[in-house]
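Quick one: the structure is below, questions incoming.
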Amino acid sequence: MQMFTKKKIEVVVEAIYAPRVVEAAKNAGAKGYTVLPNLQGSGTHGDRRGSGLSGAFENVMVICVVDPSIASTVMTAIKEAIGDAIGVLYASDVEVLRDEHF
Amino acid sequence: MADVLAVAASNLVSPAILAFLLGGLAGFLRSDLEIPEAIAKGLSIYLMLAIGLKGGASLASSDAGMSILPGLIAAVLLSFLIPYIAFFLLRMTTRFSTIDSAAVSAHYGSVSIVTFVTATQFLTSLDITYEAYIIAMVALMETPAIVSGLLLARKKGAENGTKPPLFQPEMLREILFNGSIMLLLGGFVIGWATGEQGLETVAPFFVDPFQGVLCLFLLDMGLVAAHRLRTASSLSPSAIAFGLYMPIIGAVLGGATGYAVGLSAGGTTLLAVLAASASYIAVPAAIRLALPKADPGIFIPLSLGVTFPFNVLVGIPLYAAVIATLYS
Amino acid sequence: MADVLAVAASNLVSPAILAFLLGGLAGFLRSDLEIPEAIAKGLSIYLMLAIGLKGGASLASSDAGMSILPGLIAAVLLSFLIPYIAFFLLRMTTRFSTIDSAAVSAHYGSVSIVTFVTATQFLTSLDITYEAYIIAMVALMETPAIVSGLLLARKKGAENGTKPPLFQPEMLREILFNGSIMLLLGGFVIGWATGEQGLETVAPFFVDPFQGVLCLFLLDMGLVAAHRLRTASSLSPSAIAFGLYMPIIGAVLGGATGYAVGLSAGGTTLLAVLAASASYIAVPAAIRLALPKADPGIFIPLSLGVTFPFNVLVGIPLYAAVIATLYS
Amino acid sequence: MADVLAVAASNLVSPAILAFLLGGLAGFLRSDLEIPEAIAKGLSIYLMLAIGLKGGASLASSDAGMSILPGLIAAVLLSFLIPYIAFFLLRMTTRFSTIDSAAVSAHYGSVSIVTFVTATQFLTSLDITYEAYIIAMVALMETPAIVSGLLLARKKGAENGTKPPLFQPEMLREILFNGSIMLLLGGFVIGWATGEQGLETVAPFFVDPFQGVLCLFLLDMGLVAAHRLRTASSLSPSAIAFGLYMPIIGAVLGGATGYAVGLSAGGTTLLAVLAASASYIAVPAAIRLALPKADPGIFIPLSLGVTFPFNVLVGIPLYAAVIATLYS
Amino acid sequence: MQMFTKKKIEVVVEAIYAPRVVEAAKNAGAKGYTVLPNLQGSGTHGDRRGSGLSGAFENVMVICVVDPSIASTVMTAIKEAIGDAIGVLYASDVEVLRDEHF
Amino acid sequence: MQMFTKKKIEVVVEAIYAPRVVEAAKNAGAKGYTVLPNLQGSGTHGDRRGSGLSGAFENVMVICVVDPSIASTVMTAIKEAIGDAIGVLYASDVEVLRDEHF
């Protein structure tokens, strides 16, 4: 079974910024993404958990598997989309079966 | 004055207010009681749609016509104006940055729908009537304050030479077509178009159970407010003081405006409550997008943890009692 | 004809239909308004159980007996047959693959419960009665069309020599014990077993607020339909045309069948609506499992984004008016 | 005896019980029917708050006074005592470890709120009244059994020389301020403080639709119970037998206690039901935290999959019939 | 602290296929799995977000940590279970403390 | 773009233990965490999916990105917080842009 190495980028960001992050990733060449909604968390900006009223305290995670050749472009684009918003961003290597899908 | 206290006391022993206190207590005791996110969102959708429908239907059956225009315009102006006062006071009394002060100001110019709803239930329990089109005011007062807040924040940017564009078109869309505005105004139009007759068909869902649903909603508000206060670290005494006197300033302005445009005692009370209340649904989301540097750890605890409980527990009966005295 | 228009207009200004339009508007304006997943699922569970209960209780209090059998059999045959007509038309007029055509056909042979419910509310608002056992038809018409769809898809496989097994037993179970069928039929049996008396005990939850809940549900349908239409790219003009004329063909077949088995004007209208409607709950799930190659980007936007709004806004009053004219 | 059967049969054809059976059926057929988590949680919050409110309001309008004290004390003692009997029987008849036996025992000393609610509906349908303060008993009986369970588990630890501290203060807080206790007691106090008049304002939400909501809740319980039974592997015949005879022992103890403290036939029946029922909300969470070695694959299927259906289908009408016979 | 290297397999697939994916993983020797429900996403099959009505647009993620010796068997089994359904599949290395658990 | 290597610790644990896990991670030096609620799963302790009534069958995942220097301390602390509760724990390498954030 031949595997291909890709980069998985994971972003935890406040819910209202998710559309911007996704847009930025797509424009930078990502062919797909997955969003995990309704997360809680804590970091330098304090406790975050949805208040049910406003999305202002809700986190989401965006996962984006991309070709290593564009990983750094996508990360930079996402970083700019987040700007001063609340969030963290990290990447790691994954192996996939279908090279052309990502 | 004895009257005022009696009214306040009667407000405190309504199921809705006690549910709020129960939520607050559970929050402070760190109980594992929790209203699921989805239910809380569902409840606010219900409340906004219900309040819109009732307002619209009741406007349809009144003979208000064009006479409501001055009131609506005054409401918009009020929402524009209050942030400037709030900003001035915050800059005078607190150490908040310009951005944070502008963000907080936007919240106080806008309105809290749940505070409003609690006030309508309070008036109803006292058989005090009010003008139907106040509900249109609620929808109209949500956004102008956001514009003022952004203008205030921008002034600062200008000084620094990094003046940001006031509105990207995208942001304008996000603010104008915000969920709570769609529901309030949409419900209002539906209620108005289908009239009392239309409302009757949905009354067993949108009217009769309303007070009970409000209990559940306030229970959640109590939980959230307590949680926000417990985990808030950045609220200085001067900030807390602001969260307590600003609603009174708002109420005075709102009351005066209501009187000026010829509202009834009930209507004036509601406008006072609207002016006194601070948003914690629509504005926080808009501000997070427009002013990401503003700290949500300030504006949410202040509007939700300080001003909201103050208005619900003390403010509403107070404003109602004072205005009733003046009008009688 | 004037009557038809008047009826259609009165349908359009009901709170439920306006809520649907509000949802659609919010969706097209890309408002952040969103009904949480869990609430939307809860609403459909409520609707299906409520409709089942009411149908069963009303059958119990009628003296229908065996006389309902021809109607039930006709309903099943209708659901089997319609996909063949739909398939033929799709192959003639669109460029959809055999698999996609078969998948779409299955949706149009099955039924949309919300369209049906909207029609019952419409009839009720006009004081038009209908046979209780129509609700049993709803449950019976859900699945036969899936079988037809699979047979149609399989024919193609046969040509290619890769004829798939028609039904793995696992899939049969998934289709027959599908949630919406369990709720509809289960509710029907409960309603029938406990009768009007049993229904009375739960009426303040399952009967009285029904129309209000329907508003919330249709609000969500509007949002979802708009979203599906906005993001759908594969809908050619010929596909959209199919989504508009196919319901009319279905309505004619359903109306004729209703007349043939001796239904009242109300019952005939509902059978016409059922035949005209396309599934977007039970069938999509079954088709995704049975025909994974069929593109959900085609059948969902078509049934939810085109046919559903058409039926709700135009179809229901149209079918009702025509049938009322013919029956009077 | 004929009466007993007639009563039991009438219980079985109520919408709520049939909804439970429908859920169970769907679960065993592995239907994809599923009540979303958030809705299920929302339903239990509603039920607990509603039951508290009603109990409190009804206590306020009674002239009970101090006369309720003996009953409340007896309820607490019952909850303390039952785990010891359950533990003894489990050690005699099953191969469960000490820890597991202690954990199961805690569940049977505590109470199931849904079983209780089903019983109140059953009594209401027979026009049998009961004392309002029984609802205070529900809240009081939730926790003492947890303490007994921990003491029983600790005895074992002591033998081994690894005696754990009985209660970390943190755990005490978690148990006492548990969500279901906050809601039940909180609702009770609110109902009591605002009286029948307060209850009336929220009755269209918390009282009238109650039985209908209970149907939905029991539908979910049926689904969950079936799922737990299907996936449970560790339930030996002796364990299942315990799940069937233990409620009867509890009912006898509860009934005798009710008689001793002078409850009416209705009140005695409810106390029997409480003693017969086993917790599956508050206790499992507390036991998972306090006795992590206890296997949830034992205590949940037993209380939810065996004892709950037994009580709902057989126990409630049985206890009611026997007690009615004795009291008449 | 001794750590053991395992393979983490992550699958994003349409919700109605989750039972099949899980079944396939178990049969191929996986001792456990975790399911993240209610996800949104986008890929070659367009936008996917739950419609609340039918599961036809809902995604889930299945996470399965397995011994490297069976990783490729499990991945192949999952791939077959997905078949023509909508989904992506990738794997990466993780370290665990308890060798025997996975 | 300079990247810094960190350790991502992922814990799947029964929901009622989440506060303890988070507390342990914080005390051991983690500067932030993210919680994914409402998960289902299966492992040596059988099937786990929320019952809607009690949290006793619900899983959550806690994700914690930490500096490699404290990774082993944090993992040990989390392991102790879990104790006999139901759960699994694994770690992997990720790259981040902002060294000081984690």
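As written, the chains take the letters A, B, C, D, E and F, and residue 1 is the first residue of each chain.
Criterion: contacts are C-beta pairs under 8 Å (C-beta built on N, C-alpha and C of every residue); 3 or more make two chains touch, one makes a residue touch a chain.
Given the structure is predicted, the values throughout are model-derived calculations rather than measurements.
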{"item": "Co-neighbours of subunit F and subunit A - touch as defined", "value": "E"}
{"item": "Distance-maximising chain from subunit B - centres being C-alpha averages", "value": "E"}
{"item": "Residue-number overlap at the subunit C/subunit D interface, same or different (half cut)", "value": "different"}
{"item": "Farthest chain relative to subunit F (centres taken as mean CA coordinates)", "value": "C"}
{"item": "Separation of mean Cα positions, subunit F and subunit B [Å, integer]", "value": "38"}
{"item": "Separation of mean Cα positions, subunit F and subunit E [Å, integer]", "value": "19"}
{"item": "Interchain centroid distance [CA atoms averaged], subunit A/subunit B, Å", "value": "34"}
{"item": "Set of subunit A residues in contact with two or more other chains", "value": "16, 36, 38, 55, 92"}
{"item": "Of all residues in subunit B, the ones touching two or more other chains", "value": "32, 35-39, 41-42, 204, 209, 285"}
{"item": "All touching chain pairs, where touch follows the definition stated at the start", "value": "A-B, A-E, A-F, B-C, B-D, C-D, C-E, D-F, E-F"}
{"item": "Parts of subunit F lying in touch with subunit D, wherever the complex brings them together", "value": "14, 16-17, 38, 45-47, 49-58, 83-86"}
{"item": "Partner subunit E, residues of subunit A touching it in the complex", "value": "1, 3, 6, 8, 22, 26, 31-38, 65, 92-97, 101-102"}
{"item": "Contact set on subunit C toward subunit D in their complex", "value": "36-39, 41-42, 45-46, 49, 53, 173-174, 177-179, 182-183, 186-187, 189-191, 193-194, 198-199, 201-206, 209, 285"}
{"item": "Subunit C residues within the subunit E interface of the complex", "value": "35, 37, 39-41, 43-44, 220-221, 224, 227-228, 231, 233, 280-282, 284-285, 288-289, 292-293, 295-297, 300, 304"}
{"item": "Of subunit F, residues touching subunit E in the complex", "value": "10, 12, 36, 38-44, 59, 61, 72, 75-76, 79, 88-92"}
